[in-house]
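Input: structures, listed below.
First subunit A sits with subunit B, and in the next complex the same chain sits with subunit C.
Our next item is the complex of A and B:
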């Protein structure tokens, strides 16, 4: 009993520094944000849900939230699918160590390029008089003002996918390497094809990894604001006007009350999404365990 | 049992979390601790002795006072310390055409005036220095001869003339002249010439043959402290012995000073210096002053002691010319500002607290000479208040406006809002809406009662009887040309049509003073933007379209699209473009011009052009928009702990004395306006006309005659100013969006429809926020 208690205390001692850091830098500031969402920007007078009502009735917020959602809806599946394909491709050439290392490195290069350089490149490529329109012109195709038209959304999606694919590929590879080779061998002996192996073994066994990858990608996707802001400033083309643009501009106008309310809403939305993913994962895990025992190969252990 | 333990654990965790929350939230509260004003824009000299915090019990401080001279004195020429410890001041009066040599034992007020047999009324004095024997040496060209001369003014008022023997100017076809003079404690005279060489002058013959070596470098300026000659060149400081001319060991303190602030290396303005020097009472000690204060260091010392802080007095707003010791402890500073030349006395008072009890913080996004002068005026009247000016964007740090505003907002949210906020470039409407700004209508009413105000400006800022921010200055955008041009200029579109028509009729001629694309857009924006926003906060698209079309028409008439023909810079919005343009109209190079009129000098040039060409001027958009450009909009923080001090400063800013300075726009203060006009009306004395010659942006010499302004002319301008009822849009975001898209349109990079669509889209998001 004493030993158990001591172990708990030791455990707490290990957890406490980390928890303190999280509390000081995240939890407590968030509590302050939560408090500020119910008070006026100057004077700290309690104003009930007025800030929330203001945020919901704000057209700019609705536009930014819509764009952010649209961005997530397009980017996340695209990123996960493309990076998974790339990871599977890489796994296929894993035996050729040299080629594997080169390809893996190539995927990671965009991640190492500083944002400022990326932005400069974007400007050169996607400007009204940039490289892309120059190339299109050679083929007789009319160019576009990429960053000042609806095409800006596509550019942003492309930039996000280009920059983050390498990182997610590495996560996928880590997940793939955790699947025991013996399972594939056993399945193949039982007559399973590649698709069967992928659907019946790879995907189910990678569910925890998938959950983490989705959450990380979701949180990473908010960082795309940096590139968007550096390319197009505080007021970009309306299709790439994201929530962070709005927060940034509200901060300039000292609208801390609105920022606080919107931040709480965003936090609830992200937390809700993550919980939903978790639930889906847990549900599908249960279903998977159940189906595995009655499956085509008679289940596995 | 286990359940109980779980509960305990949960409670423990919850308690820990609450404890941490409370501790951290306590840190989010408003800080009420003392601040030392270290982030003051005036602070410099890191090695300076630090001050005690505000409100500490330490006593003793140098207190500033003006040295007053008889009313006839309008210009100070030189100050210096005599060998017997007394002080010499050379001054003259333009009106009386008299020059006086003032002497005093300690500059405490008992001045003896000696009239000098020399009038400096039509002279150009390039250098002046006072000798230890009480004489004063002047260099320059004087009314009695065109050639460069040196005059020695003896203590008895008699004048001796010397012909300076100067070496040839290197690599240029020009006559060498003296640009600065200095005299050491032994009476040795040193001069700086156009070659950037410091030369020793023979006091008997005026011969300047002996060159003081400065590592072969061009000397920007020099100072003398005792028997040390301190020369400032591009590479830094070089110190030489005045007796032998040999180089002395490096002065670490001064070298570090220059290394830390390269702006101290040279001055853009003739006759004023970033650093001034004199000898201290202790042998070998050097006293030096710059805008951050007065400092002293000993020979071979590494520590610089700050004697007087520029934050506590008006040194920070002065362009320094000379410094001199007055008695054993006091200092005299001779400097210039927009009001003219002045001598300040710094006298040590052991009974006042080392730092004032009250600290007043003033925030401005950009530095302003006018603001600093107002601070100087305020500090003279309120020596018990420590004023800190915080500048959001300085030339040194390269901070963008957006970053500066974000930093200010962080300070405000942390409870450290500045007491007085200059709202130019800041989201003023948002600050008012959030309740950050206090109602200043009471102070405005008080000033109005005492001095009178331009009520049209005041009314434009009054909302439901309250005023939360108000400009101290304002100026119009004017159009100049023949009658038809002025009439067409009553609307911006009318003026653009006129220019287009005139260009078609005169294909070989430049029709309008050519501004770069941003210049055209900025100027017309100021004249036209006041009525672009609808009552519901959306944009009048058709008015925006008209504005862009008008700008395009005017821009397209420019003969040279390389933007180098006339106007090469548009970096300073306070540059009076109408006056610059009028000189081209005067020379027949263009038919008309438009631009801002920011002072009465601008009016004088327009009137000179009118006299020569028969033209006239009027307000651009005077019929349709009737807008003025506000400048130095000021507000007081609601959260200020020193409301009284902030209000007193606001009164100074809006007051007559500050309003009497003719720069950065016209004062809203009527008494200030009257004083500015009165000054200009008698500006040129008995001659009433003056010949002006200046060099334009392309280096071309331009000359014209300017007359004294008449009362009718200033009255006419006053009527025009009174007719302006709305401020032009000052929202930095809207302006940047419109001008950025407008520039692309003017340069044919996008179509009008695309420009308007982009502006509409961006601004609608902004307005929706």
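Our next item is the complex of A and C:
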């Protein structure tokens, strides 16, 4: 009994130093941010939801939120599909170990390339007279002024896909390999084809993994701001003005009240989105998930 | 025969994608050894000095080390910022090892009141983009008087919750029987952490460190918000400042900035993959 108690204290002792840091730098100040979102910037007086109303009625906020959502809606499915294809292709050539390793390494390289190192290349590729338009010109296609027209959105999507595909390929491969081979064999004995195996075994068994893959891709999507900001600056073409730009610009203007409200909103939005995803997953395959996930926080435990 | 043809059909797009993925690195590599004038003649149209479109060569026509020499000998600011990046990276990784590892161990292996809540805090924070915590971090750093010092970037990074999450996954995979056996043999809890937790979970620790290292190399948001003095900037903020006019120098600088990350990547690729996989799959 005494030992049990002591063990509890030890566990807490391991966690406390790290958790104190987390609390000091993230949790406690966020409470302050929450408070600030309800008070005026000057005078610190309580003003109800006024800051939130200001944020919502701000045209730049609407533009940025819309763009960010649109970006997610285009990029996430595209990234997941492309990387799944690549992962399936890779597993098909897995017998050739050398080729498999080289290809996988190549896909992961963009992850290691610091964002700042490719800025110059992006500028050269997507310039009005850059590489891309040069290539298009060879085929007789008239190019675009990529960074200064609506096409900038495409550039952003491209940057995100280039950077993150390798990461998600590795996630898919891990998920694919977690499905026991014996299940496929059994199914094949019963006369199932490749497609049947994929839809009836691979996908259902990978559900928890797929959930995490979506969440991780979502989180990484916010980092696309780095490239966007470095290539196009604080005020890029309208179609790639993201929430991250808005936060940075408000921050520079020191409009703390607005940024506090916006931070709380973004926090709720991200949290809500992830819970929604979780709901969808749980709803469609309740029984399976109950058995393999534990509790509300399923996928993360 | 048919099977072989099918495999080749699969290989072509896969290889094309791979070339595409590594092409920026190749581009930087050739650019590093090209002379300033040669580069200017290729990208002239972008600079507005030439007609037509920019072009590139896979191999420099007149390979030269001029830009490398200029970078290494005549640009103290590059070195300064290179060191800033190194300091930030080391600080963050050391902090993670010192605080993150035990926290992950405690969460993974012990039951104590409030554990679920603490774990949830870690997960929630892990999911939040920087923009959510930006103002919070700013307020604390301001109150501590740390703004505009390297600590402003190091400390929040040292307590970021993603590395502990990865280590947690690996620590959970250590069989309980191993730990019970050590306890029966009379090992203390701290001893167990050092003699079992760290060695057996080492691949998890390394994975988390590799991922965090790469993250530190391209940190942009935090330094751009918390560091006003240019002398404190990491390379990531400095590189975009070099204009296209000095493209040769910029390419060379970008390539040198890439070297540490690529080295870590090549030597730790296996761990990197394990770390990534651990986020999706239970061990």
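Going forward, the second predicted complex is superposed on the first by the 261 of 301 C-alpha atoms of A that agree within 3 Å, B and C clash if a C-alpha of one lies under 4 Å from a C-alpha of the other, contacts with A are read in each partner's own complex, and residues count from 1 in each chain.
Keep in mind that, in the parts below, a contact is a pair of C-beta atoms (placed from the backbone, for glycine too) under 8 Å apart; a residue touches a chain by one contact, two chains touch by 3 or more.
Note that the structure is predicted; figures quoted are calculated from it, not measured.
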Touching partner for A:40 - first (subunit B), second (subunit C), both, neither: first
Partner chain in contact with A:201 - subunit B first, subunit C second, else both or neither: neither
Touched partner set for A:84, first subunit B, second subunit C, both or neither: neither
Which superposed partner A:157 touches (first subunit B, second subunit C, both, neither): neither
Touched partner set for A:235, first subunit B, second subunit C, both or neither: first
Partner chain(s) touched by A:24 [first = subunit B, second = subunit C, both, neither]: both
Contacts of A:117 with subunit B and subunit C, given as first, second, both or neither: second
In the superposition, subunit B vs subunit C on subunit A residues touched: C
Partner chain(s) touched by A:253 [first = subunit B, second = subunit C, both, neither]: first
First (subunit B), second (subunit C), both or neither touched by A:65: neither
Subunit A residues contacted in one complex by subunit B, in the other by subunit C: 24, 27-29, 32, 128-129, 251, 256
Of all residues in subunit C, those that touch subunit A in their complex: 7, 10-11, 13-15, 17-22, 24-25, 27-28, 43, 45-46, 52-56, 95, 98-100, 102-107, 109-113, 115, 118-140, 155-156, 158-159, 161, 164, 189-190, 193, 214, 217-218, 220-221, 224-225, 235-240, 242, 244, 247, 250-251, 254-255, 257-258, 261-262, 264-265, 269, 272-273, 276-277, 279-282
Residues of subunit B that touch subunit A when the two form their complex: 17, 20-21, 24-25, 28, 402, 405-406, 409, 412-413, 427, 430-431, 434-436, 638-639, 733, 737, 749-750, 754, 758, 761-763, 765-766, 768-769
Interfacial residue positions of subunit A with respect to subunit B in the complex: 20, 23-24, 27-29, 31-32, 35, 40-43, 58-60, 63, 128-129, 145, 148, 234-235, 237-238, 241, 246, 249-256
Residue numbers on subunit A that touch subunit C, as the complex places them: 7-15, 17-19, 21-22, 24-30, 32-33, 36, 86, 89-90, 92-93, 99, 102-121, 123-124, 127-131, 133-134, 137, 162, 165-167, 170-171, 173-175, 178, 208-209, 212-213, 215-216, 219, 222-223, 225-226, 229-231, 243-244, 247-248, 251, 256, 259-260, 263, 266-267, 270-271, 274, 297, 300
